[in-house]
Amino acid sequence: MSILAIPILGEARHPSPVAYHVPDNVYIPAEVGWVNGAPPAEPLLFERAGPRAKLFFDPKQTRAGIVTCGGLCPGLNNVIRSLFLELYYGYGVKEVLGFYDGYRGLDPARCKPPVVLTPEFVEDIHKQGGTVLNTSRGPVDTGVAVDNLIERKVDILFTIGGDGTLRGGRDLYLEAKRRGYALSVVGIPKTIDNDVPYVARTFGYFTAVEEASQVIRRAHMEAHSVENGISLVKLMGRHSGFIAAGATIASQDVNFCLIPEVPFALEGPDGFLEALKKRILKRKHAVIVIAEGTGQDLLGNEGDERDASGNVKLKDIGSFLREKIQAFFKAEQIPVVLRYIDPSYIIRSCPADAEDAVLCDLLARNAAHAAMAGKTGMAVGLVNDHYVHVPIEMLATHRKRVDPDGEEWRAVLAATGQPARMGSPAR
Amino acid sequence: MSILAIPILGEARHPSPVAYHVPDNVYIPAEVGWVNGAPPAEPLLFERAGPRAKLFFDPKQTRAGIVTCGGLCPGLNNVIRSLFLELYYGYGVKEVLGFYDGYRGLDPARCKPPVVLTPEFVEDIHKQGGTVLNTSRGPVDTGVAVDNLIERKVDILFTIGGDGTLRGGRDLYLEAKRRGYALSVVGIPKTIDNDVPYVARTFGYFTAVEEASQVIRRAHMEAHSVENGISLVKLMGRHSGFIAAGATIASQDVNFCLIPEVPFALEGPDGFLEALKKRILKRKHAVIVIAEGTGQDLLGNEGDERDASGNVKLKDIGSFLREKIQAFFKAEQIPVVLRYIDPSYIIRSCPADAEDAVLCDLLARNAAHAAMAGKTGMAVGLVNDHYVHVPIEMLATHRKRVDPDGEEWRAVLAATGQPARMGSPAR
Amino acid sequence: MSILAIPILGEARHPSPVAYHVPDNVYIPAEVGWVNGAPPAEPLLFERAGPRAKLFFDPKQTRAGIVTCGGLCPGLNNVIRSLFLELYYGYGVKEVLGFYDGYRGLDPARCKPPVVLTPEFVEDIHKQGGTVLNTSRGPVDTGVAVDNLIERKVDILFTIGGDGTLRGGRDLYLEAKRRGYALSVVGIPKTIDNDVPYVARTFGYFTAVEEASQVIRRAHMEAHSVENGISLVKLMGRHSGFIAAGATIASQDVNFCLIPEVPFALEGPDGFLEALKKRILKRKHAVIVIAEGTGQDLLGNEGDERDASGNVKLKDIGSFLREKIQAFFKAEQIPVVLRYIDPSYIIRSCPADAEDAVLCDLLARNAAHAAMAGKTGMAVGLVNDHYVHVPIEMLATHRKRVDPDGEEWRAVLAATGQPARMGSPAR
Amino acid sequence: MSILAIPILGEARHPSPVAYHVPDNVYIPAEVGWVNGAPPAEPLLFERAGPRAKLFFDPKQTRAGIVTCGGLCPGLNNVIRSLFLELYYGYGVKEVLGFYDGYRGLDPARCKPPVVLTPEFVEDIHKQGGTVLNTSRGPVDTGVAVDNLIERKVDILFTIGGDGTLRGGRDLYLEAKRRGYALSVVGIPKTIDNDVPYVARTFGYFTAVEEASQVIRRAHMEAHSVENGISLVKLMGRHSGFIAAGATIASQDVNFCLIPEVPFALEGPDGFLEALKKRILKRKHAVIVIAEGTGQDLLGNEGDERDASGNVKLKDIGSFLREKIQAFFKAEQIPVVLRYIDPSYIIRSCPADAEDAVLCDLLARNAAHAAMAGKTGMAVGLVNDHYVHVPIEMLATHRKRVDPDGEEWRAVLAATGQPARMGSPAR
């Protein structure tokens, strides 16, 4: 069996004040297809999430902390709020601290002290975008952070961020363990790109698709209202084109959807530019959506430069493509009206929509349950429609990507009518 | 094994023009929990949906029809549109007809003739609510309808509607079979209440939750802006309180969420009215959300009356509760300001949001794939995050309901702070 | 000349800290049409609003109060916020108090004490609907209120409410005057119905039209999606149909717009029901919008009953019309599907849209200017696109009503295609 | 007297089918302030708009055309729709043609032929952004266009566009007159910037302010969620900062509003950058809104280059300012997180909001009335809350600009708290 064990701080012996319980021995398989009626052999099995009957931490003696890291994403405040409410009302913990400014906030020399969360503080925070705890990029010195957490008697730390953040959280737990301090670190994966494995939908993704669809509708009107109008919309998606694909299917207004998972050639008889020309000559307008991480090969990006979070610095495919399109049609002597739209900052800073609000609530409450039971070094996941516990290491095994042979991408091809393959990829 | 077989019209021997395929022998289990690492014993196994390599129908000779029945639901036009596009562009079928006015439209004596769908006709229909094919309640004479379908040489009929509609569709297939006519009838389940089993989310549900959440936000401002303000919001949910529960979790502005699955007493020291009084005395305002099918026991509804669709006629719990609350506080000499809000018709007539748009697209395309492969007497479902084929009979086995012991209802209790049980149920 | 003089508390001799000034001798005429090039003879002339060079109150010694009364209206929080900001930052007054719960809040025996407003308190209040100061209906004992205002050393009171509220405010000023206490009372007229004379647009009206238009769009889809679908939407408008008319013109989806200013007969060959029948037979669907105060004659409402604010209690024309329509078509043996929608509480509790936000800001700042200059017994108005000072008495001279011979109503008739006159009025 | 005469094609002797009339001898003054109670001396007097009792054109013999020119603006489809409906239903004209692709559409050699408008064609066009007639920049050969209009027997041409478009329309009328052909050309001024004189609000402006306010709210969350976060939002406004000012007042989330009318210095102790630094040090975040035409002096733009519409090509102040800010804070060794947002294409392509929808309807209907009465060489205006006829020449006398000494700009200063003057202007 491939049961994915979750690190545990010790025996759970405090009875839980929470009224219903999920047993510790139920697992959700990553693979659910039964071929010819036989169960999958040796699937990855994830512990099912939920409140446990016994807790490692005595709620009345427990102090928790929350930190939000990396870029904005709809739902951050919802997660903060539901974490607090579950801990405070559900378990009756002693205190919940909100650390400011991302991981920087764990270093007392680099940030103001944390805020003690209260029902009044969190009352309406879910109605606005951003994060009330602020955020930043980059790591913290593990030793300094653990010093601080021990000094402040923090038993549980919830880290809301991308994979770098979650791995950093695991380092904190390991360092605390080395010192004999029982620190639970539980992550809530945050990536608007929806590219985390074993989390079917990351929070904020749905909202981003909704917002992106609205932008695409406007881009469609721009292109549609002039002869040979072209709207080029750059959307988020560093390694995975889920937002671009989702918004394409939802809006049904896109004619070319370009994502990192499906390389293409610009030039040549089967390339993108010729396909675009055919479309323009035939229909007189086109909407192009491109994920920001697409076509780094075309840009000659070797991936050497990195930002403060350790992410590869992307080269700007949007501006590049804009110039290529303009030059191409100029050479072809076809006058076009090209509009370039980059709505990323508008999209990621908006409040969570209802679906994401529900997702945030359940992710956060399940994270609280796991931590109170003494689990650590893990994140909350969503596998085959069930919330699960995912060891941090599993998140780093791969990225979730749009499957070029799957039904989602096929729905994109059907919605756009674009060629399934556009030229040989540049590599 | 409990493989749920799908009726098939005959051998599928025409090669499919669709480029990727899902084999016919992969099944998705209804139950995915592996206890102690062992697979579930004898789970219900559903055929996985998707395009098949071989088709029963020769696309070039195939004529399909679409009909929408019952009440409005966000996404109807998206389903119509994606069905047409998959059949027309994906398979190249000869013709797709849109029958008007629900099942009435299958009877030529009672309705104008169907429209031949075209790319121009469906171009922008998904941007508006309602259904361009119109809808109605009630059945059609099966013999008359089959006469008409045969006369019009319709090979496939897609029925978009509730369980009555889907069962009616199966009758059509069986009647045609009796006459030796190969008619595929494939349903796309439609219920804004989200109460269909084996369809994790029915289309329109997410949009309804989003819209209901916005209404609740307004109701909260009404209640919050006066002393002892009470807003009472009636939402859809005849048998299942999913919309009420979802909107409660999403908005986090509700103080009492009342659903059919969780009976309660009005009167008595543990009853709802006392709980409301405590809330009002302490916080000076309250928001109550009630699903329309709640508390039929309190109303003495024996369920004898039925509407044209065969649904039990509900008595109006909203007005009843409004009067009970007003009488109660009058007797208690506590002046309250009560606002009653019934937004149902506003919610169900709006366009699908992005998430529902994606869901509609994938449901519709999978329905098209199933029909072209010769499947019939089935509906498209969604089990553990995978699209599947569900025999119509299975839809009638039970309703999907909010589990009073599950994590969703617990999230409701946490969001509202309402007592888990309010008095003994009236029965 | 008909210059409308504004009561003034005394000589304005303190220099204003505000950098720009509007002189006291500029007037805006109510009537601007120059016939044959000659100016209107003896028009009503209103003092132009704006900051004055000299103030009656010494800002550093001045304490102001704010109270919100009556029903909710989008923009209340914007007005509170801009009043505070202008007084606090623009003039540097000593203190601004927010009295709770409408006029009840002026009576210390009936309400908790006022809040001292701060920049933090008002920071984000304009982003939500309702009023952070709460509201109530009904008057306060003038003597008690003036006692309290004198006791609290309040020099200026801003009253935000309908005409009853504004007249009540004048009584406070007169009572204070009688006692030799210089109290400025300045009103900001609040009526979502937009029926105040000399205020071309009251705040909240635009937002209400926008929201009502969205509701009408949904109602149109309801009616349009079934055979003989009728949607009946009741909108606000006790005496004046501005919201119904505005939303009809904006949405262009309405077929009958019924307002108090244009009486009609229900029955008879030229009556409303026959006109509706013609429409249904011809187009198979209809959207009806009715202002709540319409057709009180049909209901036999003599106007004897009044609510706590002194407003005539309206009888429910919506339910009445619904029943009449259903009975009529039943008798005609024409099956119709009628949906009744009453969105009033959803509309009035929403935040102000951008246009209303700007209007609220300018109304509030001009009210602050007037009060600091020592004006009293007045309200801020908007005449021919200029902000003016309106003596409270002028507000009571008449209601602003939709002119059945004017261009707005003509635009309604053009948008709906309804008959200009439907039968003889019932009277 | 300064009555602004409108050119008239000849005697109006056909009785109007429209039921109510506005006489021809009522004028609205541009200036309405009565100083010391005396009417303004020699004000500009504009003919009041509205249906006239007598028409120059016999409706049954009349053919009209509509053309939309220049950039997108919310409400274009509303104007097209209401023009058609008024002509078709109100007057019963013979035919209304929609010319495609802006002025290019008047040249049969450069564009497909016009569409004959019908009730079905315009049914739902107002629910979407853009223009169904398409648009383009640039003029048409006057002789060719008049040939075509005469050939097609077009009696009236409605031109919807900016001042270049309107002047071009007057040239058409003059050329037709020279040939003895009675052509009425009536303009509906279109500028999202709201910079047309004698049109208090141009259509689309309100919608743009609403949309821009939403974007600013998001920008605020971006800036507010990180330490030293700066959001820089570029908005439309080539010569006039009305959108930037309006959105600043509406959102109340802006800290610096920069517009063409108020020059400023970047550098120096009183310059913008120092003011921004003070804000960042004190409050840790800032939102900057800049109109696109601002600071062309700083960019060294001499205004030599022009686009196809004849507009001066602006240099990109947004990118320039972004770089200046980043360089400045780098030199100051203050780490900032700067987000640059350019939402222009998203804003201008959206549908009209309710207020703009009403405005479009009334502008369009008044334009139809004027043309049917035989007026030409004019545009519809809005002066002191009354619709008027404006001779085309008057539109070119000046641009409407934000008055740096007026109440609107003062409301901006109050909302932002920015210094009234930032350094000496560069010039």
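The letters A, B, C and D name the chains in turn, as written, and every chain counts its residues from 1.
Keep this in mind: a contact is a pair of C-beta atoms (placed from the backbone, for glycine too) under 8 Å apart; a residue touches a chain by one contact, two chains touch by 3 or more.
All of these numbers come straight from a predicted model, not from anything done at the bench.
Note on A-B: across the candidates A-D, B-C or C-D, the interface recurring with over half of the contact pairs conserved by residue number is C-D. On a Cα centroid basis, the chain most remote from chain C in this structure is A. One finds 29 Å separating the Cα centroids of chain C and chain D.
For the pair chain A and chain C, the distance between mean C-alpha positions equals 46 Å.
Taking each chain's centre as the average of its CA atoms, chain B and chain C sit 41 Å apart.
Within chain A, the positions touching two or more other chains are listed as 127-128. Touching chain B in their complex are the following residues of chain A: 1, 3, 19-20, 25-29, 32-37, 39-40, 43, 45, 48, 50, 81, 85-86, 89-90, 126-127, 200, 206, 209-210, 212-213, 217, 246-247, 249-252, 353-355, 357-358, 361-362, 365-366, 384-387, 405, 407-408, 410-411, 414-415, 417, 420. Residues 72, 101, 128-131, 134-136, 215, 218-219, 221-222, 224-227, 231, 339, 341-343, 345-346, 348-350 of chain B touch chain C in their complex.
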